[in-house]
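Take a look at the structures below.
Presented sequentially are two complexes of subunit A, the first with subunit B as partner and the second with subunit C.
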Partner chain A sequence: MDFKGLLIILLSAVFINNYVLSKFLGICPFLGVSKKLNQAAGMSIAVIFVMLMATAVTYPIQKYLLDPNNLGFLQTIVFILVIASLVQLVEIILKRYIPSLHKSLGVYLPLITTNCAVLGVTILNITENYTFVQSMVNSLGSGLGFFLAMVMFSGVRSKIEGADVPKAFQGLPITLVAASITSLSFLGLTGVIENLFA
Partner chain B sequence: MNETLTAVLTAVIPIVIIGIICAVVLVVASKVMAVKENEKIPAIRECLPGANCGACGFAGCDGYAKALAEGETTATNLCVPGGDTVSKKISEILGVEFEDVVEQVAVIHCAGDCKYTQDRVEYSGIQSCAAAKLIFGSKGDCPYGCLGFGDCLKACPNNAICIENGIAHVNTKLCVGCGLCTKACPNGLISLMADVERVVVTCSNKDKGAVTRKACKNGCIGCKKCEKVCSQNAIKVVNNLAVIDYSKCPDCDDFGACARECTTGCIMLSDFSGIHRVK
Partner chain C sequence: MTLRQNFTKGLIKENPVLVLILGTCPTLAVSTGVSSALGMGAAATVVLLCSNIVISALRNVIPDKVRIPCYIVLIAGFVTMVQMLVKAFAPALDASLGIYLPLIVVNCIILGRAEMFANKNKVLDSAVDALGMGAGFTLALLLMATIREVLGNGTWMGIQIPVLAENHISIMTMAPGGFLVFGILIAIVNKISGNKNSKKEFGCAGCPSAEICGKASCGGKEEAE
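Moving on to the complex of A and B:
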């Protein structure tokens, strides 16, 4: 296995192609749940978990069910269907067997059922022609990237809370401005990862 | 025709099959791995009005039912819109003693209608109090007063609020005391008050007397006359605004003196009996 290739996929998913800050997917939890650090972390861990699960399930469906039968055009709807039921199933299982984990992740799971970042990861894995292992690594990286963005942004937001914001910018406007600046900062990392292993 | 049909079927059938498989798995999983829920929760939930207003302090009626059933709270009298009847039913289910509900009504602490104050600007933007407040702070002379676009009216589930002469009024006979309007008012003019009270300060202006007077003839100028006439020391002028401590009102021997003596008439005497006392 090409370890270096996997490492590049992982790191570029975290830093370069960050789902929230570069591809603008999964913005709603990014703005909605990033107010407090522990909530942001809880949500992100749930997203990492669901991204991995979703990739593990949707990859075989694409390769062994849709592709051989020329049903590639059903990709989006089938993935939504499968991911939504999968997350529901995971929630039921967690509730029954690991109540403590359900308590900390449970509230976020229904939020993720149709999250575009999760759907985006599974579909991009296919379009990038990744192998199964590469897909899993990419999902892990995307999840970690989401985690990084959420945790960073919750820090930024806690700073904003104490800042003296002009009245017209209070609330959502200043949050969006902060989000765009945070996203700009990630632009500076472009090209770093590829050259790291050159 | 046949080709179209085949094309449609090739798309529909796999989706339906996958959907059915997912549905069956989920149903089986939810039956097999069902977690036993406290059977009191649906019973209590049944009694509650289902307005999800949050007056009890929990996240909706479901949250309150859960908190009661699991012993998080023992207070059966938190549902203000439900009143005594709901409290009685819940107490029966839980087998605890019935607690009286303090029925509340919303009161608007502003009476500066178009007779007493005038508009400072001509506002023609979005017809909402929150939007108008964002732009100029207020459209009238008084920066504390009712904006009159009816954000509270829109929040009210019982149509208990109306806008008359440019300010909001509560019809207490329709008010269930859910408190949704208190959150909707951008100036925080609305508060909940036990519906047995009879006096209320109908002003929220915290400016000094002269400034208030200029803005609105109904405004509290902080003259402290009410402080002096109150036999129970229940009224205090805080930040140039009279505040009534209702806990001392029941002992009052000259009831209504504060309203009678108020120099601007911003303390009003009235009947605020709510919906629960209408026979």
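Moving on to the complex of A and C:
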């Protein structure tokens, strides 16, 4: 297995093609659940977990069920249903067997069902023609990128809380402006990863 | 409420993007160019219209407990249809929208309108509501895309603008520009509407998972107490 290739996929998913800050996927939790560090971390860990599982399940479905039967057009419907039921199933299992984990992650799970980042990563893995291992690495990288953006941004937001902001900018607008600056910092990393291994 | 009021409320007073703050992901992502913004607006409006009509027609049939999964299946069906139509008749648009076309499924405007409006109103009202909301979404996208394309690229729908074309600010078409323009637009809307909405953190009103989100944003502690 080409280790270097996998590393490039992983690092560019985390830093260059960051799901939140450059692809605009998963903006809702990014703005909604990033007020405190522990919530931001909890939500992101749940997202990493679901992304990996969703990829592990949807990839074989696409390759061994939809593609051979010429049902590729059902992708959207099948994927969203599979992800939704998967998330429900995981929630039930966690509640029954690992209640402590359910207590910390459980609240975030239903939110992830309609999270575009999870559906996005599963569809992108197919359109990018990744192999199974590459898909899993890409999902891990995307999840980690989401984690990084959430944690960084919760730090930025805790600073905004105390700031004296013009009235019209209070609340969401200033949060978006802060997100813009955070995203600017990620833009600086463009091209770094490719050149790192050149 | 008359049909006319029903239609126009989506345009300005309850604009889904700038006032209700729904569908932020596609708004930020496809507003880099005017033509892709219009395409996205049209695609989402078609899906919204179909889903609102069908959900409203079936509102007494769908059991309350499983309504969200039912809505998602219906919406995903319509999105697939639109996706196939766009692929067949507008391949350039398909290429520029890319991943965001199938992601209309999880656009909260559509699920939000199903949950807020279509499941308690008549078919005609729901159809008009969908058209108004769709037009509002397209309008907001168009506004954002115009600002971003003119400043960032010096063009409007590919037409060169004399002075700006030589002095374009590329960052506006990139990710940070999207956040910045969106933030400033919402601030302007807040200012005009007299700061009525300025206190609200994040407009989850129409989001079907708002209740869970509220719990999640306090780390689920409400539940534990």
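FYI, the second predicted complex is superposed on the first by the 198 of 198 C-alpha atoms of A that agree within 3 Å, B and C clash if a C-alpha of one lies under 4 Å from a C-alpha of the other, contacts with A are read in each partner's own complex, and residues count from 1 in each chain.
Convention: a residue touches a chain if its C-beta (ideal position, glycine included) is under 8 Å from a C-beta of that chain, and two chains touch if they have at least 3 such contacts.
Small disclaimer: the values here were computed from a predicted structure and weren't measured.
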Looking at A:33 after the superposition, I want to know if it touches subunit B, subunit C, both of them or none. Which is it: first, second, both, neither? second
For A:77, decide between first (touching subunit B), second (touching subunit C), both and neither. both
According to the contact criterion defined above, which of subunit B and subunit C contacts more residues of subunit A? C
Looking at the overlay, what does A:22 touch: subunit B (first), subunit C (second), both, or neither? second
A:173 contacts which: subunit B (first), subunit C (second), both, neither? second
Is A:116 touching anything from subunit B or subunit C once the two structures are fitted on A? First, second, both or neither. second
With the two structures laid over each other on chain A, which partner does A:181 touch: subunit B (first), subunit C (second), both, or neither? second
Once the structures are superposed on A, label A:96 by its partner contacts, choosing first (subunit B), second (subunit C), both or neither. first
Can you list the residues of subunit A that touch subunit B in one structure and subunit C in the other? 73-74, 77, 81, 167-168
Seen from subunit A, its contact residues with subunit C in the complex are 21-28, 31-33, 35-36, 38-39, 42-43, 73-77, 80-81, 84, 103-104, 106-108, 110-111, 113-116, 119-120, 123-124, 127, 166-177, 179-181, 183-184, 186-187
Subunit A touches which residues of subunit B in the complex? 10-11, 14-15, 18-19, 22-23, 25-26, 29-30, 33-35, 134
Give the list of subunit C residues in touch with subunit A in this complex. 21, 24-26, 28-29, 69, 72-73, 76-77, 79-80, 83-84, 98-99, 102-103, 105-108, 111, 171, 174-180, 182-184, 186-188, 190-191, 195, 197-204, 207-209, 212-213, 215-220, 223-224
So, in the complex, the side of subunit A touching subunit B is made of residues 65, 69, 71, 73-74, 77-78, 81-82, 85, 88-89, 92-93, 95-97, 99, 167-168
